[in-house]
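Next come two complexes built around chain A: one with chain B, the other with chain C.
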Partner chain A sequence: MKTGGTVFLAAFVALGASWFGLVRGPLHQLGGAQQTVILQSTDNWPPQRTGEATLGLQVYRKYGCAACHTEQVRQTGMANELALTSLGTQKAADFKDFLKSLMVVPALMNDSNTILGKLAGWNGSVPMTLYSGDDSTVVSTLADKLKPVGVKTEALVVARGADLARGWGVRQSVAADYLYDEPVQLGSLRAGPDLTLIGVRHPDADWQLQHLYAPRSQVPDSTMPAFRFLFEVRKKVAGQSAPGALVWKPEFAPAADLEVVPTLEARQLVAYLASLKANAPLYEAPFTPVTAAK
Partner chain B sequence: MKTDETNSCSLTGIDASCRVPLLALFGGAALWLVLGLLLGLAAAMSFHKPDLFADCPLLGYGRAQAAANDLLLYGFALPAALGVMLWIFARLSQAPLALPIVPVVAANLWHLGVLLGTAAILLGDSSGHAWLEYPRAAAALIFAAFMLLAVSAAATLGFRAERELYPSHWFLFAALLWFAWTYSTANLLLLSGHPPRGVVQAIIGWWFANNLLFVGLALLGIGSAFYFLPKLAGQPLASSGFTLFAFLTLVFFGSWCGIPQSAPVPAWLPAISAFAAMLSLIPVLALALVAWNTIRGAGCACFGGPFCFIRFGTLSFVLSALLYLSEFCPRYSRVLDFTWFGFGVTQWQLLGFAGMILCGAIYEILPRVMEKALPYPKLARVNFYACALGVLLYVIPLLIGGVEQGMKLRDPNVAFANASGVALIFLRVSTTGQLLLLLGSLCLLLNILTLTVQWKLGLLKTVIAAVQAPLERESASAVLGGAESASAALRRDKEVKA
Partner chain C sequence: MSDENKSCGNAANAEPTVTRSAAPMWIIVLTLGLLFFGGLYLDSHGGWFDAKVYAPYHSGEQLESFQPKSGAAMAAAQGKRVYEAVCGICHGVDGLGKPGQAPPLAGSEWVTTKGINRLVHIPLQGLSGTLVVEGKEWNLNMAAMGVALSDSDLAAVLTYMRVSWGNKAGEVTADDVKKIRDALGGHPQPANSEQLKAMPE
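This part shows the complex of A and B:
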């Protein structure tokens, strides 16, 4: 390293390599990404946002919401589950005995304790999870053995993880989820909860608006700042509330002759939040969508 | 040290040539530092009183924190580091600063860019990409200013008397390339009319942030520290060969870190970052060893002087880099991701590592450049103790709170309000640290401002004297010469010889 040339060359090669790997490579792999098809469906993912929600993303950017909220959830693993949906003509006690007799099947022997353990305090109510674990052969063997006796089961693929257990998502976030975000705002701090599934968790626009105006009116121990500047507090016209005015719990209501009306930005932001629902099973993030059972 | 600076006359010329550019760079940097800390304080207030800014969108957390972060990085750390680099290059080259007017123009452009960018963020025109929030116009100004500074630095380097490069040269020179490449690439890709689709934007952002905040700051900070530490300790830099090894491993491995383990991207990206982070432990430990061997046994009592600053900064580099790299270990990232931990590490890198080394360097450089002692040397010492304590009080609670928050987030049975609430008490402690940091940085600002005002008054006096006594023009120009540039100093030398 006697001369500037060698230093420059070494630094150039080092940074060039990382540019090639971490900028050029991902651009090549993901830069031309298109919509993908949702598993066992003909629908495309992600859906295009409505115009209002697209503008709402800009409101989200403008106020730096991503400083406290993430839009990405992690999963630690997958589980194969077998859910018992109907006993058919079987009685619960008979079914227990039948299941015990099945435990000599080689594929089930290793998991017999966990399967029978679940039945110990069971009173016969369905649906009920018979098995939850890594082994897909247990699920298929058990389902095959139970089918002939008229017991109905459903095999499920379930994503697991603390984020998902909190209800923040149904599967891990994947690159495809952000196709239409401009800018992509993943966030890096959870001072507030994750918003990946907020459109499913709180689909009610009024809830969202009231939460923005007075967070503690909806979530008592929330630490979120109030965004009162997104609303207009004004006098009621002839004592009548305007159509879009918020309806309050008594302790949070403004004075009797005042009303709180969301601005355009507030409505756009709420439309954006409603569009956040990463709940489609994809090839790279499979799971069995559960409609009613959960 | 290679530079055996015996020729005191040319030394004065070298220092004088840096005077105006460095005042412009350091003065603005100190002002942005104070403003950045103030905005950070305003942002933190949102966690003390959530509804404080409910009617004031300007200072809401999302805007104030982003503006504060960018002020610390683009407003303070980078211009200050570039100023220090110009001076080190001039000193090591044993030549006055080349094109001294260029960095003055550049400094003003740079500060204008920072002003524009900060205003844009506060008014809601942020780009939405972390660390790249400044809109196009501001980014273009900053980049243009950087290129001007780089030209001046490279030209000064080119005029060096001795061809062989000193280790500081490698680090600082590489930093020039680093910023030019990463800042232009990230801005061109993300802020152009047609940004890449989807999550690639985030990947580019992570690549940029890692290469600026980890590698870039390391190159600038350690490059400066390796100039000042041997000088202040009175001992040569330990093992130049080992430093070369550390430099090469840093640029080759460090530049691949940055992709978080939880990122929703193809798995090879986080995997490669985790591997690179593990390998990056090598340069961090190697640099720590070199620094330790350089200052070990130096009987140098400083009581809050530049040596203290730079020693504290170097130690902060090692510790903050180790914590930063630990975020990429898959095992730890499951706890640390999405918590205050990462925020704390970044603040430590910016304020504890880069900030302390730069403050120390400024206190060491300014009296030489101005040919005048610091106006408030006691405040400089207050600066050290306030900032050292402030950084620790600011960062350590964030780190501990982050780990605790992460543990609670991992357990779905703990309510979210409980997990985020546990961090609140730590945030309150960290605010006292911010106040101390603010106090310390005000000392820096006061020192620089007073020096600037004194210098300008001095200039004014000479000008008035020159106007009032036209017959004694020779002597007036001699006084002015010291203030203006090295060429004037050289002319004076010739006059003396003649």
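This part shows the complex of A and C:
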């Protein structure tokens, strides 16, 4: 074989290039990752898991939860928004005229049609989104111009995407979220919902335990198999339930003299699920947190 | 190999051999074109391999323009952070105060005043002597804890007090704090409750 050397060299370069792009490059980018700071806060992200939750990750892995659940939320878009929160003493009609007069400002000219278009069918109710788009200078300019006349606005950064619309996350997943996951349980199939935010969506440990023992007791349409082997069904001692025994709705309760007690693994798994709450705004995944209306 | 082929004497059954031939010009042009397009795409979407830039963001500048700058939610987060670091040590992170140490802020008539004038004076001047909070008399001294805080931090923390733990009062802005701080001047003396009451709310 005359060209053996060339073929070897070509194969070496091809494999070397993919090793460099898929292994060495990412390692250089993210290999030294450390906790980052949550936006406008001194708290670090991600928080270290408790020991119980760290063991729970291994239970999650052992029973193949990642075969049907993912832990990755995707984001397809984002917007700088300006929300009108109060008109102050202004009347809606006067406000519209005032806003029209502002459209000669250079920073606002390009977006005047979209801003005024939103006002066409508006009846004066607040809150109302005045602007939603890419340009942060439109938001800051508009907010600066509206402040002196007593109109209150709030600048928001909004993350968008189908996963976020389902409530599975508040922002996209980024590498920092997985800092303490060993091994990372990304998952690739969503027979069940994404669990990135499960610790926020269902913070109640009893809910989780009952859902593991009898999924349809909590979610009527659930297709999740019941993980009964994570629980011990046993006779009550002297008619008394043990501390930690599950309390059931009547239609799912076992016989009167029996109780369902979670095993250690069930408790660890639930502690791990409670630790899944990627809800902090980060530099690489910014958004304005929505606080409950006061 | 070629010697072997000759000895066989059958050209149809000959092993194919590798020869060098020039690549067609169109493949070269196409490859260069693809490389050029890839370079342009990488330039506009790659974020220069910055570990902080994830799709759908495609550059560091774009990511920077989407950082939340202000807003009530962010101010509340800032206020909470300052409160827990400074005020909460005595007044409690739940705003309920600590007996013998500091009066409650939750529901306190000194916090939920209509205006903000009196409230802003308290951390900037400090307090001494007796003070009646929610019908209970406190006789304590408070240092001027707000002097060391920036205008925006003090405004955020006072706003946080006014909207947390069931309190419902208006926000305090950094401009309000700056005005009162400038009016007080260099080294204000601690106020007592009569002096505070003499001030407009």
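Note that the second predicted complex is superposed on the first by the 232 of 294 C-alpha atoms of A that agree within 3 Å, B and C clash if a C-alpha of one lies under 4 Å from a C-alpha of the other, contacts with A are read in each partner's own complex, and residues count from 1 in each chain.
Assume a contact is a pair of C-beta atoms (placed from the backbone, for glycine too) under 8 Å apart; a residue touches a chain by one contact, two chains touch by 3 or more.
Note that the structure is a prediction, hence the values are computed from the model and not measured.
Student: Quick check for you: in the superposed arrangement, does A:M109 touch first (chain B), second (chain C), both or neither?
Tutor: It touches nothing on chain B or chain C.
Student: Looking at the overlay, does A:S140 come into contact with chain B only (first), chain C only (second), both, or neither?
Tutor: Only chain C is touched by A:S140; chain B is not.
Student: State whether A:V37 touches chain B only (first), chain C only (second), both chains, or neither.
Tutor: neither
Student: Going by the touch definition up top, name the partner, chain B or chain C, that contacts more of chain A.
Tutor: On the superposition, B touches more of the residues of chain A.
Student: Can A:L258 be said to touch chain B (first), chain C (second), both, or neither?
Tutor: neither
Student: Touching A:G4 in the superposition: chain B (first), chain C (second), both, neither?
Tutor: In the superposition, A:G4 contacts chain B only.
Student: Taking the superposition on A as described, I'd like to know which of chain B and chain C A:Y63 touches: first, second, both or neither.
Tutor: first
Student: Who does A:D221 touch here: chain B (first), chain C (second), both, or neither?
Tutor: The answer is first: A:D221 touches chain B but not chain C.
Student: Have a look at where A:A242 lands relative to chain B and chain C in the superposition and call it first, second, both or neither.
Tutor: Neither partner.
Student: Does chain B (first) or chain C (second) touch A:V149, or do both, or does neither?
Tutor: In the superposed model, A:V149 contacts neither chain B nor chain C.
Student: Quick check on the output: what are the common chain A residues between the chain B footprint and the chain C footprint?
Tutor: In chain A, positions 2-3, 29-30, 33, 76, 172, 174-175 sit in both the chain B and chain C interfaces.
Student: Which of the residues in chain B end up touching chain A in this complex?
Tutor: Contacts found on chain B: 46-47, 50-57, 60-63, 65-66, 124-130, 157-158, 163-165, 169-170, 173-174, 177-178, 181-182, 185, 189-190, 195-204, 206-207, 211, 244, 248, 251-252, 255-256, 258-260, 262-266, 269, 272, 334, 337-340, 342-343, 405, 409-412, 416-417, 420-421, 423-424.
Student: Quick check: in the complex, which residue numbers of chain A touch chain B?
Tutor: 1-4, 7-8, 10-12, 14-15, 17-19, 21-23, 26-27, 29-33, 61-68, 70, 72, 74, 76, 162, 165-166, 172-194, 215, 219, 221-229
Student: In their shared complex, at which residues does chain A touch chain C?
Tutor: Residues in contact with chain C: 2-3, 25, 29-30, 33, 39-43, 75-78, 80, 134-136, 140, 154-157, 172, 174-175, 281, 283-291, 294.
Student: Using the touch definition from the top, list the residues of chain C that touch chain A in their complex.
Tutor: 18, 49, 51-54, 56-57, 63, 65-74, 76-78, 81, 85, 163, 168
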